[in-house]
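In this document, chain identifiers A, B, C and D correspond to the written order of the chains, with residue numbering beginning at 1 in each.
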Amino acid sequence: MTDGRVLHAGLHVLDRQMRDRHGRLCGKVDDLELERNEETGAMYVTAVLSGPGHLLYRTGRRRIGTWLAKLTSHIERSSLEDPGRIPYDRIKSVGVTVDLAIEANELATFAAERWTRDHIVGHVPGSRHDADE
Amino acid sequence: MSSRRVLAGLIVSLLAAGCVAHPVGPARSVESYERKANTTAESALSAVETVRLLAGAGADGNALRSYLSVAVSEQEDALGGVRGTFMSIQPPEGVPSAVLRDELSTILTSAFDHVGDVRIEIRRGHVAELDTVAAPLSLDAAELRDLIEELS
Amino acid sequence: MKRVLGIFLGILTAIGGFVDMGDLVANAAVGARFDMNLAWVVVVGVVGIVVYAEMSGRVAAICGRPVFDLVRERLGPRFGLANLVASFAINLLTLTAEIAGVAIALSLVSSVNYLLLVPFVMVLVWLVVWRLSFAMMERIFGLLGLCLLVFVVTVWRIGPDWSQLWSDASSPVIPSDENVFSYAYYAIALFGAAMTPYEVFFFSSGAVEDGWTVKDLNENRANVFIGFPLGGLLSLAIMACAFLVLAPADIGVDTLSQVALPVTVTVGKLGLAIALIGIFAATFGAALETSLSAGYTVAQYLGWPWGKRLRPVEASRFHVVILMALVVALLIAISGVDPVKVTEYSIVLSAAALPLTYFPILVIANDPAYMGDEHTNGRIFNMIASVYLVILVVVSIVTIPLMIITRAGS
Amino acid sequence: MRMSDLMACDVYAADGRCLGRVRDVRLVMDGPVRGSLAALRVDALIVGGSAFAGRLGYLRGGVRGPILLSALMHRLEARAITIEAGDITHWDVDERRLITAARAIQRGDPDR
């Protein structure tokens, strides 16, 4: 057997809460991307997939999920190639939550957050202050 | 997945049915007509007794006028609704059902008028004399109780 | 002082969850119709909610994870989604009923038609969610809700034969003019009202909002063991009031004003005013709990930032969901549906959905990966929780058939 | 390939017998370090049994109580088998078909 840490995909990784590098909540682990190393034949987790498209895909709405994931990958400006795909090397740790080494803003899951903030919530008086004591 | 959808559909239709269905539907036999009359009388009795308690509390200076006014109106509406529903039921053929219909209808109308009197007194601000205005309701209540007794 | 203020989360949760529109009407209606023969259900419900709320609060304090977060993790995305849709719909019905309830309470002191007050109430609820801090919200509505103790005073003023009341309540029978199905239906309605899932959504999210940690486990216990039994006591008092005053006059309860009638008759004007304040606070508190829960459940399922501790711009989707829920509830409420009927359906349907919410809590509270070895459930605690899990499953299975057989208790 | 695709596959023995659906995937952090963590390798597939019971953690996650649930979940999971990734000879994830040549199939999870 091996001596590394053992995780079960369904039990320990999928559907976990993700947090960005400031500890902000930024979506769930909706799916994982796997890639096979052709030389060794071993398969590795290469990325975490997150966003409504990937969630739809996982729950069985494959076509519309793929379409939605593609759509959000175009409208984003981010340091990530695809804001719905977080490369494995940007993950800091996997525990009760999955902590990332990137900003929530760079993720596809945050597009809607930004939109509602800029177009709705930000316009309402008091939205930028802490609650009254 | 599909079974879940069936369940969801079931719940929705049940809700829809629940919102429109009234315990009083069309009557097919004397027996079911009597049952509906009984249900109607029980609801009416509840409304009449509620108004009597309210009137008593008002006369004793125990209640806010706004509370009395709203609460009595609610019972007046309820009584009107109950009466309307019962009167719209087609009674089965035969003398007993016709007699029952007349009898209950008379009590309901009288109770409805008396509750209206109470409401009017409250709106005019004459709360102290409410017990005298509400006095006829005790007779309505007694008649409703007799009828319920007879029917059950 | 901090200790005293610390239990207001539990008091608000319990008062808003236990004595909301649904329970006010259900308890009074049951007291007037079944005497004290269903009082035992309230006790069973209190123990159940105490056990499961304690677990949800403990999980939230130790790993900072509120209930719906765990629901998705343990049930998976599909079952979790089904639960989300069901909970959200039930929540919306409850919110509708509560908003109408607040409006009715206000109409009873202003004699303005309650339908005209509904939009005003909705805006008021939204303003509180938008601006008032979580701690203030707990304290104001928890404290005002204590006005409902006037129902306890009423029972005491009536001065019933206590031993008779006790023997009625402790040896329940099905009244001769009722059949077993409607008895069971009302038992389930009371049980569903006591264990409505939004109570744990709100309580566990509130624990996170209040920043509870391992150090606050005692606070969690105090909240649960004081708050919920208090809610149960109020429920029983309302039931007893209806039994003592309304049942002898053959009054059946189907409006909120009738609930306050025993207090009016017995204690008088001041009592009525206090009862109306209490009813206002309880329904308003429940409106806050359900509107926030709408946001909590969706945000926690999808992993969005959520909570009143953040500025609204930092949790904008959360606030948008709450606003939408309020608008939909407003539209349903002003369409003129009978708020009491809406309440009844919401508590009975929530009884059908109970295990979906409570099951994951029980599993996580036993998981050392989340709780550490010393904070997982003890053996006796697990035994009680297991018994309740069985009850919850049975209740959820029989609820819908009973609803059909009894034509919703009519 | 996606984890959700892999977890929708059925596993067949070399003789064509269906062994069940992939219910969970055992991953091991033992590869070269990528960023902060060692690469996460697909080590084995948990096949058959109940998906629902599997993700509660009674068999693979150290959850023990309550006894009632634990017994029930162990029973539901009793049929699950673990197949090493190396024993999968044919990965046809698009067709939702994996074929294994493993002769000795382990019951349950050897780690626990």
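One rule holds in what follows: contacts are C-beta pairs under 8 Å (C-beta built on N, C-alpha and C of every residue); 3 or more make two chains touch, one makes a residue touch a chain.
Treat the numbers as computed from the prediction; the structure is a model and nothing was measured.
In terms of the stated touch criterion, the partners common to chain B and chain D are C, listed by label. Grouping of the remaining chains in the absence of chain C, by touch: A, D | B. For chain B, the chain whose average C-alpha position is most distant is D. Annotation: 24 Å between the Cα-based centres of chain A and chain D. The centroid of the Cα atoms in chain B and the matching centroid in chain C are 30 Å apart. Annotation: 34 Å between the Cα-based centres of chain A and chain C. As a whole-number value, the distance joining the C-alpha centres of chain C and chain D reads 41 Å. With touch defined as above, chain B holds no residue shared between interfaces to two or more other chains. The residues of chain D that reach two or more other chains are 51, 55, 57, 61, listed in rising order. Each of residues 76, 369 in chain C touches at least two other chains. Per the contact rule defined earlier, chains pair up in contact as A-C, A-D, B-C, C-D.
Residues 1-4, 6-7, 23-31, 34-43, 46, 51, 54-55, 57, 60-61, 85-86, 91, 110-111 of chain D are the ones touching chain A in the complex. Taken in their complex, chain C has these residues touching chain B: 82, 107-111, 245, 249-252, 254-255, 257-258, 260-261, 264-265, 267-269, 272-273, 276, 337, 341, 345, 349, 400, 403-404, 407-408, 410. By the touch criterion given at the top, residues 4, 10-11, 14-15, 18-19, 21, 23, 42-43, 45-46, 49-50, 52-54, 56-57, 60-67, 69-71, 74-75, 78, 145 of chain B touch chain C in their complex. Across the interface of their complex, chain C is touched by residues 10, 15-18, 24-28, 30, 50, 52, 55, 58-60, 96, 104, 109, 112-113, 116-117, 120-122, 124, 126-133 of chain A.
Per the touch definition, chain D reaches chain C in the complex via residues 51-52, 55-57, 61-69.
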